[in-house]
Structures are given as structure tokens and as C-alpha cells.
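Next up: some structures, all given as C-alpha cells.
Next come two complexes built around subunit A: one with subunit B, the other with subunit C.
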Partner chain A sequence: MRDLFYDLVRRNGMPVAIYLMLAVTLWVFILIVLPQLTMFDYSFRLNLPPGKVGGPEDVYTVEQYAYLFQGSGGAGNINTLDLGILFKTLFSAVFVTVFDLLICYPVAFVLAKSSTGAKARLLVLALIVPYWINEILRAFAFRILFGSTGVINEFGMGLGLWDNPVDFIRADVALYAGLAYAYILLMIFPLYNAIESLDRNQIEAARDMGASWWQVHAKVVIPYAKPGIASGMTMVFMLTSGALAAPQILGGPSNLWFTQLVYQWFNSGGNWPRGSAYAMILLFVCIALVLLTMRIFKVSIGEIKR
Partner chain B sequence: MTKEISLEHVWVEFGEFTAVQKANLTIAGGEFFSFLGPSGCGKTTLLRCISGFQEPTRGVVKIGGKNMKGVGPNKRPTALIFQNLALFPLRSVADNIAFPLEVRGVDKKTRRKRADELLELIALTGQGDKKISELSGGQKQRVAIARALAVEPDILLLDEPLSALDLKLRQHMRTELRAIQKQVGLTFIYITHDQGEALTMSDRIAVMNKGKVEQIGDGKTIYDHPGTGFVASFVGENNVLEGTVLSNDGTIVKVDTGLGVPFVVANHATEKGALVPGDACQMFIRPEALRIAAGDDDRNRFECNFVTEEFEGNMRHIVLDASGRKLKMSMINDGRNPIDGSAPIALDFAPEMGIALPPGPLASA
Partner chain C sequence: MNKRSLSAMVPSLYLVLFFTYLFGPLIIMVITAFNSSGFPRVSPWECFTTDWFGKLAADNKLIEGLGNSLIIGVGVVVVAIPIGLAAAIMLSQVGPKLRASLYTIFIAPILVPGVVIGLSTLIFWDRIGTFFNAPYESFFYSGTFLTIIGQVTFIAAYSMLVFLSRIQRFDHTLTEAALDMGASPTQAFVKVLLPFMAPAIGSATVLAFLASLENYNTTVFTIVSSSTFTTVLSSKVRYGLDPSISAVAVIIIAITLIGAIIFECRNRYMSVGWIKVVADRPALKIATHPGTVAAILAVMVLAAVGFIKSHDSSACQAEILNQKRALQQQLMEQQAISTPAPATPAETTTGDTAPANPFGGANNNIFAPQNLGGSTAEPEPEPAEPQSSSPFGKGNIFAPENLTTPPPDGG
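Here is the complex of A and B:
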């Protein structure tokens, strides 16, 4: 820490160094660490009326965590509804992440290796521009697109592909499409960065030595881009499993995302400790899942920084 | 066995730019053939045509008599060694060497066995498990060669593979490359801008300039009998004197260069009817062909003044001024110092060492 500060002073001068240290410290501690710690603390408390906070009944407890597993039925009961939603959320997030990877890898590869200079910049701009539109508006656009009288249904029926409007919302097609689209850039750019730095000669050498296109990717490009893939997948997975707007707007009526449970406990449920506990569980389960996956694919966190 | 490669009227055009013009040549199986030329002369493009990364705009590339049109680089009997070698940094040395076998579905045990054989060939026995980053420049070079040889290609293509090495290693690798080529008996096609490399290693050399093959021949022919002004000035050092043809009997040309008496030199013009009396011409004389005049009558003689000396250790390069024209003379450093700059010097050279050619573009210094 001290060395870092001296290094900053040496490079940028005292005023800039102080500003950087203060800004980063404020950002990290006040905006990230403190709220999370508060949430963590909340998650171990009972939901008491304001008058009793700080009183003899205000003790630490794991009741809020236990609720996810047992529900209100006490020991022996299993909260299948909430646990089901948690697993469905995680499974769907994994699905969306893999789907994004499959879509983005070819795009990132073409962007990084086949297009040059001005053309590549234009393509990048074309990818970014839609994201100038608010996330909620984009979600509503998908709702309109996939609605029973939406463009896709009208088009499909017009062509005679199907006779009655398909309920894409209830089938969660709209939700998956919306989520996959929501964080697609966070997949493309780490992939692009990783592939871009790969020496083109490596690809040509592999090709020259008899590798098919599939083998070039499997044996040369993907191993090289692994840290970028890991970084993109982590971001998309974390953000998808923590998404709220898209599930709220595009989710089917009988289908909740885990974040919606968290939201309900905080908001209509008025139970902040339970909401905090649910949020913490989601966070830790997601982190554990990411770390486990990285371990399986032998990627270290240090590599991802690259 | 080894296959003949022929380029028939190969043109490569990138939009307006012509990278290769009408390349027409045949490389015999087992030959060490070099393409020599300055950067941007089209030699790498030609190599890419042979390896399959570039399709000629016009013309045909044949390997072993088979037209290679539409045959991808992974389907050709060629192996390319890249300028930066393009070894795979995430793979071990043995896995690098065995890569061509791996993509052909050869099992692990056979792969390892072949890798070990090749490691022996390149004198890196037992180093298969090392990382690429643990090797020295010369070792990496040899690994790249071993990797290219793994599936026994018919033709090895080398794109300036020595340019990243330091001088001593480069000279050592020349000998080594030549030895490997002799040992495996493959056709080597070598791309370089370094005439020393081309001359020491090659059976034959094609000198290229601006997309055109200027001359093909063995090292001696290219050096002693250049067919164009570009070849004369690009391969080795040469003094060039502009002059006028006085007479030409087909083999001997008399040239007036304005330096005293007219010079009698050899006619190197390839076109019939070139260098008729009255024509402008370029006369070349190598720095090492100049001698301090000893009074032989049959040699061309002229006078000049000492300007400066470039000392290279074994050689002394003396810069001279002959009636306002700068000349260079090279002599072995034998400890004597016959030129000290105190008086005008008389030099001479044998008529057969002088070369007369029609005026043309020269290599830029």
C-alpha cells in the first residue's frame, strides 16, 4: 500500500497521487465494502420493529438463511419453492452465459482477426450504439418483439409458419433472449481483447501444419483466449444471475428470478434482513460456482487480469 | 520422393499493386533454392503462393506436376517456417514438434516417439518437456524446423527465419540449416534479403526486384555474371560508372567512362542487339577487383585520389575519388599499407572483371 502510494507520487506527483488514493479508497470502501458489510450484518439479524432494534431481542441469528432451506415450516420442512427458484436462476444464467459465448466467439474472432482498422472500429461502434438505449427500454422492446401481437408472431403467422400466436413470454424465450442480449458486449470485448493479441502467424502455422479450421480454434485460438473466455463468462454469469429488470419485464407470470425474491423481501415483504440473507446467498453461490468452474478449466484469477 | 515445383506465369495483384509479375521458374526436388531481394520485392508473396496462403491472380503453381489451385495450405506437401517461428507458447517443446501429428489424429505414444527422434536430429535430445520460453534463440529455431519436418513434407519453405538472430548465431545457423537440408534431402525454399545467406547456402538463387525475377542462377553466376544492373548492384558491392559504348564485338565492349583511356570490359547484356556503339551503358567493377596498378598492359588503368578508409578488420575498404566519381576498393588487411593518401594512385583491373550492361535501375544503397 505504502509502496503503491510512493510509486504513484513518483509517477504523477503529490496532488494527483493523493487524489487517486482518496478517490479509489472512497469508491472501494464507501460504495462497495461498507454497503456489503452492512448487508452482511443485516442478514444475521431478526426483522424487528424499529422500537426493538438495539434492545434485548436484537441478537445475531441464522434464521434468515435457514428460511431459504426450511421456509416457514420449521425444521424438517423444505422450502422447495425458493430453492427451486435459486437453482432455476443459476441454471438459466449458465445457459445464457454459454449461449452468449457461442454467439460472441465467432463475432469476436472475425472482429479481431479478419477485419482491419476502420472496418473494425465501425463494427465495434455498431455493437455499442444499441447500448446507448436504456436497459429497461431494451427489455420492453423485446416484450413488444415477442408479444402475442408482436413482430415475430405477426411475421411467423403471416408466412404461415404457425397458425396461433406463440406465447414466447410464458415459454421464457423472451426472457432468455433479453438476458442474452443484455450483457453480450461484456462477452465480446474480453474475447476480442484476448484473440486480438494472438499472433496471426500462429493461426497460419497451425493451418500450414495440416490443422482444419475446427482444430485451429480448438488447439490454438481457444487455449490462448482462455483467460478472456473466463473473464467474459464470469461477467455475463454474475450479471445475468443478478439481473432484475429483464426478468421483471420479460419473465413469465409463473416464473420468478431469484433477484425478484430478494426484491420482494426488501420491498413488499418489508423484511430487510431476509432480503439481505437471500442476496448474500446468491452472491456466495455465484462466486463459488465461478471459482469451481475456473478450477475445472484450470484458469487462475491472475490470468484473467491480463 | 521429392517433388518438383514449377511456377508458370504467376502474377499476384492486390488491387492496383502488382506484388509478383510473371514469375516463371522451376525448382528441382532436393534443391536449396533462395529468393533474394529487398523488402517489398514480392518474395514473401511468392512463398505464400507456394504454401497456399495466397492464390495467384494469374498463372499456375504446380507441385510434383499437380496444379495447386484451390488446394489449401493444410493440404499441400509444404511446411512453412515463419519469420517469427510461430511456435505455440502454451505447448511444451515436444507438443510443438508433434502438433502436425496431433491434428492428423496420430496417437500420443507414436507422437512422442517421433518428437524424440526429431529432438535428436536437432541436437535437443531430452528437452521435449521444456517450455518454449526456456529455449535460446537458436534452439527455438531448431524446434521450428523439427516441427516442420514432423510429417515429412516434400518442401520446406523458410521465410527469413534467421533475421531475428544475432550475427554469430546467424552464421552458425547457416551451416546448420545447410547440413539439415543435406541430411533430410528435402527441397528448401528460402526467402531472404541477406545476400550472404543466399550465397552461402543455396544451390540456386532467384534475385527479385519490384515483383520481377531478375535473374536465376547459382551463387557464382549471380555474383560474377549479373544479368541486370539491379543484380550487379544488389548482390555484393559494386562500383558503377556511367559511360558510352564505343565498340561491341558481342563479348568485349569498349566503354568510354571519361576516366582516361576507354575501358575494355565483358558484355553481359542478355538482350540481342543491346549495347550498340553510341548507346549509354553502365559499367560495373567490384571493389575487390581493383588493384594498385603494377604496369600490366592488358589491364584497364586509371588514376584517382584517396578520400577515406573504412576499416573492417580483415578487410580495408578504401573510398576513392576518380575525376569526381566515388569509387570503393577492397583489399585484404595483410599488415601493409600501400595507400596512405599522400599522392594520386594508379589502379587497374582485368578486362573480364569489368561488366557492361544496358542502363537500368540500381539497388538503392
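Here is the complex of A and C:
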């Protein structure tokens, strides 16, 4: 760290070096690392009234973590409700991520390889514009769309596809559509960046050698774009599993998202340590899943770039 | 030949489908903002109305939340931009090995769920406040302070990415030249690197401000007892769908589109090709100046606001009200004919309600699903007041459309 500082002083002069070090240190320690450590510590404590904090009863415990597995029934009991929500959240997040990859890959490819100049810029602008609109409003739009008197139901019934309004909200269709919509941009840009740098001649060469369009993608484009695919999928997965607004607005009444459990423990539940433990579990499980997937597909973290 | 043109169409067709997914929901939401129906929907279309905008202007909670959001947004920009800039500059100056590990740390806040960031910020400052025995009014417990801190954690990383993409194009020989000519390292930084970064500072500021304004996951924890635009909006959505939320969307979409149009015009105006085109055509040059475009758009916005304020849909709404009443009356009569016995549920219910309002109330609708006009899940309260002859009469207190209608000059 001292070497780093001296190096910065030599390059930028003392005042600028102090500014650089101070800003980055504040950010990394006060804003990122210390709060996370505090929460980690907090998640191993009991939920005590303010007067007893720091007293003899304030000891470390794994009770908050055990609750996820055992519920309030004690050892031997299995908290199927909360565990079920955790698995459902992860499974749905994977589903949304794969869905986003499937719909975004062709767009990114067309954008990167077939569009040039003003047209490409306009397309990119059209991609970005929906993301300047508040997350809540985007979820609200899907609520209107999929409601029982919504456009989709009216359209489907108008065509005679189904007779009674389908409850898309309860079936979680609205939730998946809304979540996939929310993070499309984070999938497209890494894909676009990766595919754009691929030399067009490689595709031409593969075609000349008799590869079908399917083989061109499977053997040339996708292996080349693997880091972009990995970073897009990582981002979409992490953000989807950590989403709160869309599940609150679009989720069915009996289907909770894991973040909603965290929210409940903090607000109506009034048990901050348990909320912290649940948040920690979500964070670690997600990171573990991402690392495992990367190991399986042989992508190293270093390859992931934006 | 024919087959070839067909296969060439597939990508365009796919793009059209994709952009329908992207814009369809937004367009439908915009349309619902102008339907007078009390539930946001496109069909059945009742009346074209601008009343939902008036309702919005009268929503004090939303306005208060917007005020807080703007304060927080400015705070976030002021703190996050210097941090992001410092992080990007540091990354550009360190060796590759340190660079990789620093990058991982810096990028982490983007990947960590917003919920986790919000919680950890809340707990951390709560602990510090307890440690210093700070009173509850102190800034350790202030929603505004906590939200700024919590949002800066990841928004600084966004702005760092913006700065990084700019700094990668920086020609380091420029700094060396300045040093050779006798500038101190500090002078080289202030006079060479900072001006080069200026455009990125502009775009990072816009990005950070927007990200702060629309953040929900972190804010909902750190805001404590206060509120922001987004948290107010979210509680509005969760406790009842109402077209005034669509009206918010219309305003935000309009602002976004205007911003995008001006941005695109500016890009084209500055492009080398266009500078050549307008070099000897001053009139065209002025006409395509982004300022001119902005002025035209501003006039259009003013016209739209004037229209929204002056448009009066009460006549049409009264018409709809009468139609509904007539329909209900008709159904009542049908019901009375088909079920003459007094023991039927419909008769019993109407008999139980207040004598001044024999057919009114929500109860009636339960037994007359036809009245819902095709809807089954969102009961639309029927303004069932057969006695009242005037739509502006006392009876309309129960009509939701009128409750939500502000006085014409109120907006």
C-alpha cells in the first residue's frame, strides 16, 4: 500500500495522490468492507432489546442461520417454507437468466455484425431508453399488461384462445416476464462487446468451409463470446436473485422471493440479526452458484470484463 | 433469390419482435394514463381524460418524495463522482496484477444484491451511532444520509466504469509532454488529464443521478422513516393500482425521450459529415443546432401542459356514468322479472342497504357480475345512484371518477 502511494505521488504529485488514496480508501473500507463485516458479525448475534446489547447475553450464536434450516421447531424439524422459497428464487433466477441469454444473443449478434453507423447508434439508444424509466414503473407496466382485464387477456379471449381470464400474476408469468425485461440491457451489452470484437473474416471463413449458420454460431461465435456470455449471465443472475421491487409488485400473493423474506425480517418481523443472516445466505449461495457454473464451463473470473 | 430475401428478413423480423417486448408494455402504460376508467386499462375505453395528471400534482406525498430524491441525487453525485474518478485513475496507473485484484473489489458492489448493501449500511451506521451514543436525531439515523451513503457504494462503481472507458483512450504521452515542458505532476493532472476526462464527468453525473433517482432495493432499507420518489411510487403501486401511476410514467417517458432526442441531435450536429454539410448553409446550421431542437421541444411540452390543464372530460364522463346507470337499471329490471320472489339474494341485499341508496353499494355488484363490464378480478365500483339526476349532484360522492377529479383549475 505504501509502494502504491509513492507511485501515485511520483506520477501525480502529493495533493492528487492524497485525493486518490483518500477517496478509494473511504469507498473500499467505510462503504464496502466494514459494513459487510459488521453485517456478517451481526448475523451471528441474538435479537436482543437495546438495553441488553453488549451485556452478558450478547453472545455469538448460529441460531439465525439454523432457523433457515430448522424453523422454529428446533432440531430435527425442517423449515420447508423458507428453504423452498430459497430454491424457488434460485431456480427462477436461473430460468430468467437463460431466457435473457436466448432472447438477447440474436439481438447482440445482429447489432454487432450487421448494423453500422447511425443505425447501430439508434438501436443502442432504443435499447437504453427503457432503462431510464423507473424500475417500479416498468413492473407496473407488466402488472397492467398481465392483469385479468389486461391487454394480453383481452387479446387472448378476443381471439378465442381461452375463455376465462388467465391469472398470470398468480402463475408468476408476469413476474418472469418483468424480471427478464428488467435486466435485458445488462445481458446485451457484454454480449455485444464480446461479439463486436470478433473478426468478421472468421465467420466468412467458416462459411466458406461449408459450415451451416448453426455451426458458425456453435463453433465460432459462441466460444469466442464466452467471457461476454459469462459476465452477462453473472450480472443478470445476481441482480435477478437479489431483486426486490419486481417480486413485490408482480409476485403472486402466495409466492415469495427470498429477498422479500429478508425484507420481512427487517420490517414487520423486527429481527435484524435474522434478516442479516438471510441476506448473507443469499449472497453466499449466489456467489457459490456463479463460481460453480464458471468452473463447469471453464471460464475464469479474470476473463470477465465489461 | 426469393428464399434468400426471406432469410434476410428474419433478423429484422426478430428485432421488431424484440423491440415490441421492449416498448409494448411502456406504450400500453402510456395509453392507460389517458383513460378515465378508475383501473389502469386500455379496454373498455371510457373517456379521453387528463385528470390523472391533476391528481398527481395534488399528491403531496409524491411531491415530498420527489424533493427528497432530488436532494439525495445531488448528494450521491457529489460523493460518487470523485470516488469513481479516483478509482478509475488509480486503476489506470497500477501494474496489471494489482489492477486485477483492485478491479474485482471495485466491481463487487455492482454484483452484490442491493438488498445486502442497504442492510449492511443500515446496520453499520446504527452500530457506529450506538457506539458514540449519538442521539436519535443525529445523522447516523437520518434516512437521507444513510441513503446517500448506501447508494454511493455501488453508484461510484457505475461512474468508475464510465471513467475507465474514457481513460483507456487517454494518450499518456500528453502528460509526459507537459512534464517535459516543466509542469509539475499536479499541474499535469489538473491541466491535461482532468480536461480530457470532462465529457466523462458529464455523462457519469447524469448516469449517477438517474441511478440514484430510480434505485429501490437499497433505498427501501436505508431511507428509514423518510421517503423518496421511488419508495412512494412503490407503496402506491402495492396498495392499489391507479392510472395516476401511469401518468407518472408518461411524464418520465416524455423527459427520457426529450433527453434522448436532444442527445442524438447533438451527436449528429457534432459529426464530421454534418459539419461539412452545414458549413456554407447558416440557416440549416441554426435549424439543426441542438439548442433549436430543445427550444422546439420545450414549446411542445408547454403546449402539452396547457392542453392537460385545460382539457375537460367531465361531459364525457357524465355520459359514461349515465350509460352505466341505464345499464344497471336495465339489469335490475331484468333481475326483478326473472326472480320475483323476495327471498333471492339480490333482493335481500338491496333491502338491507340504506334506504336513501336502495340499489347502491358494492354488495350489489357481487350479485350482478354482468355490471362489471367483462372484468371479474378488479371490481369497478359502480356509481349506482338512480335518484341523482345531475352528474354533479350530491350522489356522486360515491362515484370514484369524481372523487379523483380535481377542480378544473386545480392542476
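Convention: the second predicted complex is superposed on the first by the 286 of 306 C-alpha atoms of A that agree within 3 Å, B and C clash if a C-alpha of one lies under 4 Å from a C-alpha of the other, contacts with A are read in each partner's own complex, and residues count from 1 in each chain.
In this section, a residue touches a chain if its C-beta (ideal position, glycine included) is under 8 Å from a C-beta of that chain, and two chains touch if they have at least 3 such contacts.
Everything numeric here is computed off the predicted structure, so don't read it as measured data.
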Clash or fit (per the criteria above) of subunit B with subunit C on subunit A: fit
First, second, both or neither for A:150, with subunit B first and subunit C second: second
Partner chain(s) touched by A:161 [first = subunit B, second = subunit C, both, neither]: neither
Cα-centre angle that subunit B and subunit C span when viewed from subunit A, reported as a multiple of 10 degrees: 100
First (subunit B), second (subunit C), both or neither touched by A:292: neither
Touched partner set for A:125, first subunit B, second subunit C, both or neither: second
Subunit B versus subunit C as contact partner of A:282, first or second or both or neither: second
Touched partner set for A:266, first subunit B, second subunit C, both or neither: second
Which superposed partner A:31 touches (first subunit B, second subunit C, both, neither): second
Superposition-derived comparison: subunit B or subunit C, residues of subunit A touched: C
First, second, both or neither for A:171, with subunit B first and subunit C second: neither
Minimum Cα separation, subunit C to subunit B, after superposition on A (Å): 6
Complex contacts: residues of subunit C adjacent to subunit A: 11, 14-15, 18-19, 21-26, 28-29, 32, 39-43, 82-83, 85-87, 89-90, 93-94, 98, 100, 104-117, 119-121, 123-124, 127, 130, 149, 152-153, 156, 161, 184-190, 210, 213-217, 220-221, 229-230, 233-234, 237-238, 241, 245-246, 248-249, 252-253, 256-257, 259-260, 263-264, 267-268, 374-378
Interface residues, subunit A side, partner subunit C - complex: 4, 7-8, 10-16, 19-20, 22-24, 26-28, 31-32, 34-36, 38-39, 42, 50, 53, 103, 106-107, 110, 114, 118, 121-123, 125-130, 132-145, 147-151, 154, 164-165, 167, 181, 184, 234-235, 238-239, 241-245, 248-249, 259, 262-263, 266, 272, 275-276, 279-280, 282-283, 286, 301-302, 306
Residue numbers on subunit A that touch subunit B, as the complex places them: 199, 201-202, 204-212, 215, 219-220, 223-224
Sites on subunit B touched by subunit A in the complex: 51-53, 72-75, 78-80, 82-84, 86, 88, 90, 99-100, 102-104, 147-148, 150-151
